[in-house]
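In the two complexes below, chain A is the common chain; its partner is chain B in one and chain C in the other.
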Partner chain A sequence: MRRLLVIEDGSEYAEFARLFLGHDFEVVAARSAEESLHALETQSIDVLLVDLRFDRAPLEMLAGNIEASAERLFAGDRSRALRHLQDQQGVLILSALRAAGHHQTAVFVHEFPARRLANLRRLYGEVRAVPSFDAKALRRALGADA
Partner chain B sequence: MEIGRKTLLPLLPLMGIVALVACGPSAAQLDETQWHRAEALWKRGEADAYQAWRGLAPQQRYGRQARDRLERADILYRRAVEELRANRAGVRETLLEALALAPMDPALYLPFARACRARGTLWRAADFYRKFLAQHPPVEDANAARRELFALAGDRDPFPLEFEEAPRAPTSMLNDAGVPWHGFVWAFPFLTLLGLAALLRRLGRHRVRPLRDLVLERPELHQTVAYQIGCLRHEFLKHRIGAAAEALRALARGRASPEQRKFLEERLCRGEPLLDVWRMHVTSLERTLGLRFPLTRGDPFFRDAQQALAVLTRAVKMNGTKGARRLEQAVAQLEGLDRDLSGLVAHLTHCRVDDAFLRHVLDATRSEWASGKVELDEIVVGPVPEAVAVDVYATDLRIVLKNLLRNAISALDQSPHPRRLAIDLLLDLEPTGEEIVRIRVRDSSNLGADLLDSTGVRVGVEHGLGIVRTALLRYDGSLEVAPAGDGYAKAVMVRLFRSQGAAAESVGVAA
Partner chain C sequence: MTDGTRSRRGDEAGRFAALLLHDVGKYIARTARNVQGQEWTPELSAMLCRDLFEMAGGRASRVFEERAKPIEMLIGAQPDLEQVRDLLSQIDSLESAVRQGEPDALGRAGQLAREVEAALRAFARTLQEGTP
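Moving on, here comes the complex of A and B:
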């Protein structure tokens, strides 16, 4: 059976995956970039399902440099930088995984504008997005039918 | 009794007057009413604002406040005249402070005009001369002012010397040149026709145009209109119509369940009548845009929607027994209006930034009297690598950029030549796939370099940048000040996220 790594700050994605995609995938869960890297290095993972926003993750678990982000994007405002890191955490984790050489297809449940999705593909290769928790669309995006 | 009636009879008119006075507005109410009128005149920049302020009763609350503000403003206005005469810095600040307090005493127009003329700000001087002359001053002063104005503007001046010296208006049936009055008999119909044509043209402009056109030419109203459209969409089209759309379709097809019928009856027929709520939203838009004709006449989406609402209300009231055939079409029309409004709001909140936009903002800044008089040796606009859109109201972005340009020009005014100014745009792709737009204003002045610290970039909140920073916070933007190369001393940059919404300019991948 193919193995799906679910990366999120809660447990909703994993629960959904076990309930609706359990026939097609063995679900492995990770809550940070570090846990994801560990999972990818210790197990054979076929595809990634990534949450975008990590509101509930503690600061020390977030990927990305808050100081650099504050300086570059928010004129030194750390609180806005923190919010941005939380809002975009899924992509930043994907960035860390790609940098470590893991190039599995990544799927987001998010309605990215076309331009943004094109940019993500340019930066991170195979990136897909489905707008909502539609099991059929997710199965297709994750390549379960392949 | 009889005697009493006879005694009272002559007193009746007097009693009536007393009653009328007693029922009339109190002095305090009158004071408040007159104050609102005077304040409105001031805000509209009307010439008689000063007299209206002076006319308020000083023993009443608002009159007292007005008198106090006039006195404080007067001190500032006079100080500004002195500063102008002495060619001292800080005139603008003094004037702004005074302008924020109260209108200017027209007696100061002439001193201002002369001080501006002495300082070399000629068109500002001409403006004050004209304001002064419009007050119909004593002949001697008027003649002197006219001569000075004439000397400023020469032949092109719209106030030729002879104009004010002639009687203000003909008082007999002969004009000054002795032309008999019946000359006007021919001129009158002609002028009336001209006036009517102009009026019809003006009215027609408002009548036959859709909302989109009307809104796009009034950028100053974009935020208000976007808010009103948001209310119409959310409170009406979404919560009252959108929520009932499925049930309405079922009703149109004759397949509505009893629960759906009950839901429709409650949602659409109870509470405030649907058409009243609709009219309230539409009227608020019409009022904002200052329309003289209903929006439903000029905009096909609004016209169709109004008809659709009538169909829908009738069908629901008749429980689908009548009007069901047209019901589905009516729902589609209302959904069409919602989509159109959604697209319009998205367009309003987008601002397309390209070379032309930057040039427009620069020209607008240079057209201001303080910025326009500064001699610059080089102005560079762009290049913008590609036209980008940002999710900012165009009016706000213009205000922000004009502030930066004004600061840069003001710094250059106090710097040696060559004075160089540039505005351009940089585009960066973030690891998140978002794109960052940096609109950069560079100048060759070292003034304001204190905004930079030893490590380079930092936010500036001094020198008037605080207001820009606050405006940018609304759009998740920020302000940066950095050293600049290429012959420039510093760069002030507005950072914003590039819009990637449906109305963004292209779907191409960032370079």
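Moving on, here comes the complex of A and C:
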């Protein structure tokens, strides 16, 4: 059976995947970039399902540097930088995984504007997005029939 | 109010609407949109209860109020949000029956959850295209 790595700060995605995608995938869960890298380095993972927004993760578990983001993007405003890291955490984790050489298809449950999705593909290769928790659409995006 | 201020408020409201769609619209229909015309097993019923009444941050109606407040402060009362408020109050009124696993209540709550998602998605798109 193919193995799906679910990356999120809660348990909603993994619960959904086990219940609605469990016939197609063995589900493995990770809560941070570090845990995701560990999973990818110790198990054979076929595809990634990634949450975008991590507003429940402890600060020390977030990928990205608040101080550097504040200086570079928000004129030193640390609170806006933190919000940015939380809002875009899934993409930051994906960036870290790609940098470490893991190029599995990544699927987000999010309605990205077309230009944003095209940009993500340019930066990170095979990236797909499904706007809602639609099991049929997610099965297709995750390549369950492949 | 200047055009620039109106535009900034519209952009900011659009960002909050996207957050509202993510935090309420997406999660409230997580189970409901995949159980149409099927039997509500205990596992599915329990997951629906979590979507409606035990989201991260509390029941969906409470999370909605928290996320909708900054939008209404920026651009005033919105009929679309009032509609969602009404749908959520209907869901809350079904809580006892949903938790007891009554099939009619589960089906009705699922339908209402799908309507909430659709309404919030349409609202977020409207704000992205320009403040109403």
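As a working rule, the second predicted complex is superposed on the first by the 146 of 146 C-alpha atoms of A that agree within 3 Å, B and C clash if a C-alpha of one lies under 4 Å from a C-alpha of the other, contacts with A are read in each partner's own complex, and residues count from 1 in each chain.
Rule of thumb we're sticking to: a contact is a pair of C-beta atoms (placed from the backbone, for glycine too) under 8 Å apart; a residue touches a chain by one contact, two chains touch by 3 or more.
This is a predicted model, so every value here is computed, not measured.
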{"item": "Partner chain in contact with A:G10 - chain B first, chain C second, else both or neither", "value": "second"}
{"item": "Partner touching more residues of chain A, whether chain B or chain C", "value": "B"}
{"item": "Touched partner set for A:S95, first chain B, second chain C, both or neither", "value": "first"}
{"item": "Touched partner set for A:G76, first chain B, second chain C, both or neither", "value": "first"}
{"item": "Which of chain B and chain C A:V28 touches, first, second, both or neither", "value": "neither"}
{"item": "Touching partner for A:R116 - first (chain B), second (chain C), both, neither", "value": "first"}
{"item": "Overlap of chain C and chain B interfaces on chain A (superposed complexes)", "value": "113"}
{"item": "Footprint of chain A on chain C - complex, ascending", "value": "21-23, 25-27, 29-31, 33-34, 43-44, 47, 50, 56, 117, 121, 124, 128"}
{"item": "Of chain A, residues touching chain C in the complex", "value": "10, 12, 15-16, 19-20, 52-53, 56, 109-111, 113, 131-135"}
{"item": "Complex interface listing, chain A residues touching chain B", "value": "64, 71, 73-77, 80, 88, 91-92, 95, 112-123"}
{"item": "Residue ranges of chain B in contact with chain A within the complex", "value": "429-436, 457-459, 469, 476, 478-480, 495, 500-502, 504, 506-510"}
